[in-house]
Structures are given as C-alpha cells and as structure tokens.
C-alpha cells in the first residue's frame, strides 16, 4: 500500500530558474520514505539508535515531468516495491497537491548496513514492518 | 573528451551517518557539468543571461559505490554522451582524489528551455560547444 | 502576536556531529516568517508575483542553546518586532516540541526591494498586514 | 593574520530572487574557518577523529551588504578574533573576487565539546594552532 505525505516547497529550495532545484526531490523522497516507515510502525531513527542499523542509499533516480514551484504544497506518494532482508526498493510519485499534476517520479534502492557501513541482514523481528515473511 | 574538476566535501554536506548525504552528489554533478561547459568555451551563466536559455534537468540518476567523507577531495569526471539541439546527456564518475577509489557514477538528461521553461532548440551558433555539427 | 509553526528535522539537515547543521536554523526561521505572513493574511509568494516586491535579508543572527536532532519536531515561534515601510525585523524562538526545551533564538532584518533588488517602500495597501498604520 | 580562501557560487546555492540564498553564507564561513585551521596546521577532521573534539557553533551572525550571484568567485577572509581553551570567535568578510566589492561580513562563536557534545577545554598540545599560550 502506498503512503502519502505532504510538504511545502521552501524558498531555500528554489533556484534562479524560479523553480525547485532538482536535487531537493531526493530530499523529499527521503521525507516520503521516513513517513512510510512511521506509518508502517517503525520510526527510522529507532532503527539507527536501537539496532545500530542504517538504510544506506545505493541508487537514486528521478524523472522530472513539470517544475515544483515555491510555496506549492506537494503530495509525495511512496511505495515499497521490493523488500529483502538485505535490500529495499522504494518508488515515489510527486504531485502538486493543488492541481494534481504529476511533477516527478523516481525510485531509490537501499541496503541495510551496520555502524561501520558494512552490509548486514535486517533482524527477523524487524521484517514484518516491510512485509517480509519471517 | 571527459573533463575533470575537483571539489572538497563540506561539513554541511555530511549527515549523521558520518558520510556525505546522497542528494549532494547531484549538486557535485552540476559543478562538473558547469566546468565541462566552461572548459568547452561556454560560461553557462551567459547562456541564461544572453540567450535566455536554461538547461533544465529532466532525469537524474546516481549509483553509490562507496561513501564520500568529510574533507575528502573528490574528482568529478564529466562526459557529454549525447548532444542534440534539443537535449543533452551527461555522464559522471566521482572518485576520491586521494585513494582513486570510485565512489559514484551517474547521468543526467537535460532539455534546452526558454525563460518560460518551454522546450526550444539550441541556436546554431551555440552548437559547436557541444560538438554538434551546425 | 507571535505565530507558531511546526517542522520536523530531516535527515538531510543533520551533519556528522549527529545534530542539525547550524545553517538550517536560518531556513527554519524563513519557514516561520512565511507562515507568520500567511497567518496575517499575506501569501509572501503573492508579494513577489503581484507587487514585484522582495523581502531581502540584510541581517541574520542565531544563538544556539541546545542541538536539534534528527526527527525532532520543532516549534518555531515568530514575532514581528519592528515594522516600517522600508524595513522589517523578525524574532524567532525555536523549541523542541516534545520536551519544550529552547534550542535557539535569533532575529532577521529585511528591506523591501523591487525586482532589480533596489530598496523601495511597501505600498500603503500592504501595510496593514504588518500592523503599520497607513 | 587573516586567511583567504576562494569558492565559486553554485547553481544550487541560488534562489528565485536570482541571488545566493542567505543561509549559504554560513556554509561559506565554515569553509573559510576550515581552511583557516588547515593553513594554521590543523586539519579540523583530525580534531574530531583523533581527539574526539567538536567545534560546536553557539552563535552565528551575518550582515548582507550586496548579493552574491551565480558563478561569482568569492573571496572569504577569515580571522580568529578570540581564542580561549573553551571558546573561539571567528570573523569573516566575503567579497566578490572580480569586483572586490564587499558582499557580507559576520562572525561565529564556538565552544569545544566532546563526543557527547559537553563543553570541554582544548588540550594544551592543540593550543598553539590557535595562538594560545600553553
């Protein structure tokens, strides 16, 4: 099930083209991902602090369809499209909340790592959050 | 011919994982792209100011191989891999200047737009910079 | 009357000290300022688009009392402490919404400018928003 | 003795006013500070890694005289104006390298902290770098 969250484009996120700077979409995807996890019952912060686990980005991709503008309210729709004990894949769709227009779509791939940033497997007790069996 | 430029990872670019935050790689790619253009004889700023042309990002992609860390000097290698009067594609390789280790690779796709961000063709007199015939 | 708004610290806003990077507090103050204006009946975006007026920062100051941390919800309390047709001064207090602890306090000073960034006076019909008589 | 370093304004650092966004000046001051330390013989990174010491910002201030623009080369002049084993104060002047025009001036105040971000004294062997006797 996709999860939806809303953010508003900040002035600091615009550039002199008069639109939101393209790297910010990756930041907004992260907001979407964190809220996806929270809605699924996991505060990502806790994963780091309690389990010493980090969700490291190994790939990020974004296609820009139309520009997001200052003060626009955006709808970020986040789906978990692959979930393995070592790896997750999220997909995102970013729309203008006002017009409903699709602004961008993208995905990120992540691996679970320990504090030394070495790949590890997600412990069994954390797997249900991501819909993994056992 | 690829072009190489160097930057140093800033403290502001790190996150609490102790490495550079992943969205910054897109910013660094932009630095690489701008310096590629400068080396080819075009100051990108001039394209905007004189020609009223904007190089709008329509796709960005990055694969992260190893983390960049605070104060690392990075080598950004930028290549122009597709050049049409309406569209450019750049590829990037980011290495740690000290160790030579490859940290990330990626690409961006751009369309030329006018001040209203409508797609346009690059004027003929600007095409040589990007190796386009006439 | 002060205005309160809430934001949540993003992962991208942390640094390798494990806390929010100090320059982000200026971004949050801007969010507070924009929401202050909206609550007073002015969408700042409209000031730029309709009136061709820009609220340019001429001074910014922040004192950091305690660190904001990732995923903390913050309470930004914004007050307008000086309002002249040429100049505004805002004060801010940033607290952790959970603990109520004061994290930072600061102020910014702004001048109204036209599209060429030359100082101008705020038109009379816009002054009531900022509590200026006529 | 002040130390000078140069940076170039990135596209990502501009906003829709067509100038550099004001919070970036604090990032540039940090670049100036780090290069000041390097020139004085201390790689700041080493202070964190070897000594477990962090230079935490407790105050930041900036006055903006004229806007920095995209692709401008900036000259950051950094001076250490107070140095105690518990506290440092840096002052900065930011100029346009091309025109020599002063764009901004400011200062930051810092305290030395340990890994838990509790204030500590700088060890004696590190004091000479900052011109402190013993």
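The letters A, B, C and D name the chains in turn, as written, and every chain counts its residues from 1.
Heads up, the rule we're going with is that a contact is a pair of C-beta atoms (placed from the backbone, for glycine too) under 8 Å apart; a residue touches a chain by one contact, two chains touch by 3 or more.
Quick caveat, the model's predicted, so the values are computed rather than measured.
By the residue-number overlap criterion, the interface of chain C with chain D counts as same, with over half of its numbers used by both chains. Note: the chain lying farthest from chain D is A, by mean C-alpha position. Centre-to-centre, using mean CA coordinates, chain B is 27 Å away from chain D. Rounded to a whole number, the gap between the C-alpha centres of chain A and chain B is 23 angstrom.
Here the spacing of chain A and chain D, counted between their Cα centres, is 32 Å.
Residue positions 11-12, 16-17, 19, 23, 27, 30, 70 of chain C are each in touch with at least two other chains. If the chains shown are joined wherever they touch, the resulting network links each chain directly to all the rest.
For chain D in complex with chain C, the residues that touch the partner chain are 16-17, 19, 22-24, 26-27, 30, 48, 54, 56-64, 67, 117. Interface residues of chain D facing chain B in the complex, by the touch rule stated above, are 10-12, 27, 30-31, 34, 43-45, 70-71. If you check the complex, the residues on chain B that touch chain C are 11-12, 14-19, 21, 23, 70.
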